[in-house]
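Every chain is named by a letter (A, B, C, D, E and F) in the order it is written, and numbering of its residues begins at 1.
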Amino acid sequence: MCLGIPGEIVALETDDLAWVEISGVRRQVSLACLLDEQTRAEDLLGQWVLVHVGFAMSLIDRDEAQRTLALLQEMQQMEQESENAAG
Amino acid sequence: MCLGIPGEIVALETDDLAWVEISGVRRQVSLACLLDEQTRAEDLLGQWVLVHVGFAMSLIDRDEAQRTLALLQEMQQMEQESENAAG
Amino acid sequence: MQLVDEFRDPALAQALLSRIDQLMTQTPLAEREVVRVMEVCGGHTHTIFRYGLDQLLPQGLELVHGPGCPVCVLPRACIDTAIAMAQQSDVILASFGDALRVPGSHKSLLQARAEGVDVRTVYSPLDALELARKHPEKEVVFLAIGFETTIPATAMTLIQAEQEGVDNFSMLARHISIIPTLQALLDDPELAVDAFIGPGHVSMVIGTAPYQFVSQRYQRPLVVSGFEPLDLLQSIHMVLEQLATGQPKVENQYARVVSEAGNAQACVAIHALFEPAQSSEWRGLGAIEGSGLQFRTAFSHFDAEQRFAAVLQSEPAATPEYACCGEVLRGSLKPRACPLFGRECTPEHPVGALMVSSEGACAACYQYRGDETP
Amino acid sequence: MQLVDEFRDPALAQALLSRIDQLMTQTPLAEREVVRVMEVCGGHTHTIFRYGLDQLLPQGLELVHGPGCPVCVLPRACIDTAIAMAQQSDVILASFGDALRVPGSHKSLLQARAEGVDVRTVYSPLDALELARKHPEKEVVFLAIGFETTIPATAMTLIQAEQEGVDNFSMLARHISIIPTLQALLDDPELAVDAFIGPGHVSMVIGTAPYQFVSQRYQRPLVVSGFEPLDLLQSIHMVLEQLATGQPKVENQYARVVSEAGNAQACVAIHALFEPAQSSEWRGLGAIEGSGLQFRTAFSHFDAEQRFAAVLQSEPAATPEYACCGEVLRGSLKPRACPLFGRECTPEHPVGALMVSSEGACAACYQYRGDETP
Amino acid sequence: MSQSSSRVTLAQGEGGLAARQLLESVFLSAFDCPELRQLEDQARASLAELSLLGDRLAFTTDSYVVDPIEFPGGDIGTLAVNGTLNDLAVGGAIPRFLSCGFILEEGLELELLRRITRSMAQAARAAGVAIVTGDTKVVPRGKADKVFINTSGIGIIPAGIQMAARQCEPGDVIIVSGTLGDHGAAIMQARGDLGLQVDIASDCQPLHELVQLMLTASRDIHAMRDATRGGLATVLSEMAGTAGVGFQLDEDALPIRAEVRGVCEILGLDPAYLANEGMLAAVLPESEADAVLAAMRRHPAGQDACLIGRVVDQWPGKVQVKSRFGGRRLLEPLTGAQLPRIC
Amino acid sequence: MSQSSSRVTLAQGEGGLAARQLLESVFLSAFDCPELRQLEDQARASLAELSLLGDRLAFTTDSYVVDPIEFPGGDIGTLAVNGTLNDLAVGGAIPRFLSCGFILEEGLELELLRRITRSMAQAARAAGVAIVTGDTKVVPRGKADKVFINTSGIGIIPAGIQMAARQCEPGDVIIVSGTLGDHGAAIMQARGDLGLQVDIASDCQPLHELVQLMLTASRDIHAMRDATRGGLATVLSEMAGTAGVGFQLDEDALPIRAEVRGVCEILGLDPAYLANEGMLAAVLPESEADAVLAAMRRHPAGQDACLIGRVVDQWPGKVQVKSRFGGRRLLEPLTGAQLPRIC
């Protein structure tokens, strides 16, 4: 459920509306779900967010993404090694 | 001004609406301008009327029509006679 | 068609034409350079051109096309007002087909429709009332035009609306009375008309009595005429006979339809709803005292101009009418003598209203005789 | 596409698949006849079929497609209600594209539109609010569906409508909460599922903490997962590892998007507008306590069901749901085992809602694997 | 339990399965022919076979937007077939192939669509032509008025036949194949908004057989037109304009049904401007007139054929009508739409 | 002072003077050619001259109802010319003549109509075809959506060329001439209601030159379709169904622009179902593929041509896509309209 898509906040329209770019496509999304006393729209410029039905629903942690991928790459290497060992 | 067309009242629809037939075409017309204490819709059935913008505006006196035509025919005869006399 | 075809018999027409020829070649008419007969009514103009009757009349007998077309005298400002009403969302504006092509200051109702307002053609004011019944969520405005022939239909429709309590129905009424109009014509020092063919269908409502002043005060013959070719030829013959004897009077060629008294019920209905307005402005005719009708106070709730008063305040003044139309309407200029005729002004793009209705002197002239050079 | 394409790498997938194979062929999992993993979320079902992941998994590892598609669980009666609202003149009914094809008792919203009601597809509830601003003369009703991923968008939209005072806007809200739904599934004695893949996007709102009961009370592993092929394969690997070690817990594969705490602002917005309804009826799932949301009294003026109460009184009872859908939703029947699958029930003419959204277990099965015989 | 609709849906215009099913269940079954059955993007026909019929291809198109869609004497479907056939026919062509493009409004009753396609199929079969290629679009409700149809037609003109308006010349006579304005009057009454009740049917019918009969009687026919929108007045004006000659009609010779005349008198319209959909006007040397008229009257579509006037060297480009009284009036091409008048 | 309108009026659809003036001021001036100038009811062409180009006539029709009327990369006019040309082109035909039927909504801006006709004239000139016959109807405001256009096309198929879907056979390969879904994505963004801003232009372009180049490279092309409504998935499904063979596509080989992919990811759509208006799919023996692809890439319309899959003897009538992971999924013809999804 819940089609969500990662995009980069590339511009601000108002204090709770931003332009998000996804693969060359821009759309306005509401930042309402990401703002609070500590977080103003300006702080989000350049960040990656998960977009759902016109709202930015979550910040994306790119380091976490890297960590996940690094884990998988490590796993792949181990597989290859064990394969080579076996083969 | 005032396109008017003779038609025959061939049927009654309500007590002030009638069907008038004009050269094979029927249309509903209001009898409102022809009715008074002495004249009810039934009395008009079979009569010829002059129709304008959906209202029967006048009864047509067919005898008068005949008299007009008779006068013209008489005139024509006289013309022919005088022509024959001249020719 | 009964009561129509009999009056289109060419042999009888031939006889009438000989009689007319004879009258014109005999004393005293032969002594006149030209005899001018005005057919007041556009319906007559239509028949004349449709059958080419004017081409059959002898030299020296000239037909002058009068102002009797309710569409032709409709002022630009009236169309502007109708458009302003139609532009209100929720308004359906209805009128007869002929009214839709009349040019306003900027556009006609048909052009306004193309731009998106809701304008409907109806055959009868009752059809407009039916629109109001069918669309209770809309405000239906009927642009009511016409001489006395049509006013009873307007009045009877309003009486019905009143009885049924249809309250989303109103009228922009621009009715015109024939008698003050004729009076104004006759008072015009430039009028060069020897006799009148009177309007048959107006007369079936008002009767023939109201025309007495024409013969009595202004010494012009007047014959109330039907609309078929024989009717018109006979009426022309009748006015010529009067001119020949020098005894102007009011005669009735159209006795099969018109009585001396007219239609009492119809007149009662008119007077129940309307009263003469002080002075009304007509296209080409200018202001004529008592020629227009206004709602009586008891029925002013049907007056679209009152209903939409707020909207209409901001109406810009209409651009002035083109001057030649007036001269043509008064019979002092032939349509072809207007410098716009057939050039800027055509039935497709009418400048003046006389080019709009096929009853209009200019339109009839163009439509049926467009090939002649002016 | 950044943050997407990296997670579609076939070489990495290959590595994960070998690991999965290994786990399945080793003790203790090799001893099981079958391991059943339910992906709760329709988005996962979609990815599985889109990339044919199920075809790549070893024998004995079976994916069970869960109820996590808000469209699939939408009851017929909700569609009937939406149509009844849309049939009011002046109403524009807006919803997401997927909702428009869901069959009601007699027709879907798309079919109702073909018959003349005003139904619009929007991408966001904000677009529905914009419709209301643009059409002040209309009443705009938004059919609001979705799990916790979508509810904050609904709530934020209502907060904005409230702030701007847009009063021609209301919602027919049929939101569903994931936790009570999971709870009901787990309480079902027929549930034959060994582990869960948890919904990534719901979890970005509610966090991972609320799932603890799954491992603690029901002893089932649960891994919150992203939606790309690598995400899913990794999550499957993670639940298998848990099953292998016999230590069920809640893990988070989708840490780049999901945090343990979730999105506080979003949760605040949900709770500001809505409160749990006592018991709600879902297609295929039956009544689940606390799974539905209702407007808090302070916001009940946005409740379309209250606004249209008069109209809805006369609503006929919906025809009952087809029984098989429920079994498929609970994972106890494979779509192809439904006697209607691919015959009476196709994506073109869905009988059950699972055939509507491409997230629906039956639709995904049909769309991406339609050629296989059952 | 499956909720398949009895109305046209937008999906049926999107290509794909729904479109395919509409195609199969409605169009293919009605219009079945080898070319259509191929389901290629284009129909194909042998040029050698076509060349057996004549030496020139004729190609024409018309869209049909008639309101109401069904009326006495036909419907939009019969109109769409016969109207395009007739535009081929009046060039002397033997019609062979029709294309058919539907624009449907979402929500259209499928049963109405079936009736229309049956009408088309029947009209095509009756005329011996095949509907060989087609297209269907569906637009959202309110974006079209139920159904619009375009048909394009291909025909073959036999060698030696050469009709063109520019060939009209003084001395020619003008004939019509039937009564004026039947279609226009039937539509006005079917629309219902004028409250008229009258027994008039549209004259919607194919004219190609009639034309071939005429051409058998005389190859020396100068020009032909079917009198459709704008009526006889408009097509004659066009021909007179193209040839730069005058047309003079005899008012009393114009064949008009009593009922059509009645409608016109009531509404203040001129039957010469009302549309026909199965009536043609031809211009030919006077010497050929008797033979051609005799041939026409043997065909049902030409029973009321008659001579209505002649080509003159006065008033170039104009059509004059001589009234029974000897006066004449001009018949200009239609100006604007004909609207019911009060004056 | 004369109040001639800058908008289309009903009168212009009634035949007569107003219609004539629209014809002359807008259509004739844009489409001028000898056949049109005759102003007969049908265009005429010599069969002998046509026979010099080939031995079969190809005939096709399409109506165009695109909304919005103007969009990046074209407008309804370029679409109406190229779309119909392409339906001729994919049969191997050399397009010769187009007909053109306009249905206009009362009140349409004349200036917009002029832009559209200029686009059509330009597209026709660029393609070397003539618009030889036409028709215009005007319907009351609210009864149509600005302008609908039907074009029908006639082309000639050179002797020896025989393409048909039923000829597809196992061992054949499938190639496309360009990227998927550009037109559909451009239209979605131009419509504006989804709030997307993206730099995508419709691929609207004529393909007949490309096809003739392909046929020069190899006469042994089995079948061809332009992937329009319903997208590549739908036309391939149709071909597979007609031939009774299976098509297997390689997902990673499908050429898709990043922006089109972006639009699809956002809205939950599949680019294989988005329309193109200048892209074709061809099925041909593997042995011919290199030569044909090389020829295609020399033409601007074929720059992105590539091989996307092959015909197999499994899954008759179905199109399968193999994902990069080795799993496969079915590509059914489009079911209903594609609507933006949330899940």
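Note that in this section contacts are C-beta pairs under 8 Å (C-beta built on N, C-alpha and C of every residue); 3 or more make two chains touch, one makes a residue touch a chain.
Keep in mind that what you see is a predicted model, and the values were worked out from it rather than measured.
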Touching both chain A and chain D (chains): F
Interface composition of copies chain E and chain F: same or different, split at half: same
Label of the chain whose CA centroid is most distant from the centroid of chain A: B
Two chains sharing the most contacts, counting C-beta pairs only: E-F
Centroid spacing, where centroids are CA-atom means, of chain E and chain F in whole angstrom: 30
Whole-Å gap between the CA centroids of chain B and chain D: 77
Whole-Å gap between the CA centroids of chain C and chain E: 38
Where chain C and chain D are represented by their mean Cα positions, the distance between them in whole Å: 73
For chain A, residues that touch 2 or more chains besides their own: 1-3, 5, 22-23, 52-54
Two or more partner chains touched - positions in chain D: 1, 4, 42-43, 69-70, 96, 110, 123-124, 127, 146, 150, 348, 359
Per-residue overlap in chain E, given as positions that touch at least 2 other chains: 9-11, 17-18, 194-195, 258, 261-262, 265, 268, 332, 335-336, 341-343
All chain pairs that touch each other: A-D, A-F, B-C, B-E, C-E, C-F, D-E, D-F, E-F
Of chain E, residues touching chain D in the complex: 1-5, 7-11, 17-18, 106-107, 141
Parts of chain C lying in touch with chain F, wherever the complex brings them together: 103, 106-108, 110-111, 113-116, 322, 344-345, 348-349, 351
Interfacial residue positions of chain E with respect to chain C in the complex: 193-195, 258, 261-262, 265, 267-268, 315, 318, 320, 322-330, 332, 335-336, 339-343
In the complex with chain B, residue positions of chain C that touch it: 1-4, 6-7, 9, 11-12, 14-16, 18-19, 41-43, 68-70, 96, 123-127, 146-147, 149-150, 152-153, 156, 159-160, 199-202, 204-205, 227, 230, 234, 253, 255-258, 263-266, 269, 359
Touch list for chain C against partner chain E, complex: 1, 4, 8, 10, 13, 42-43, 49-56, 69-71, 96-98, 100-101, 110, 121, 123-124, 127, 145-146, 150, 229, 346-348, 357-359, 366-371
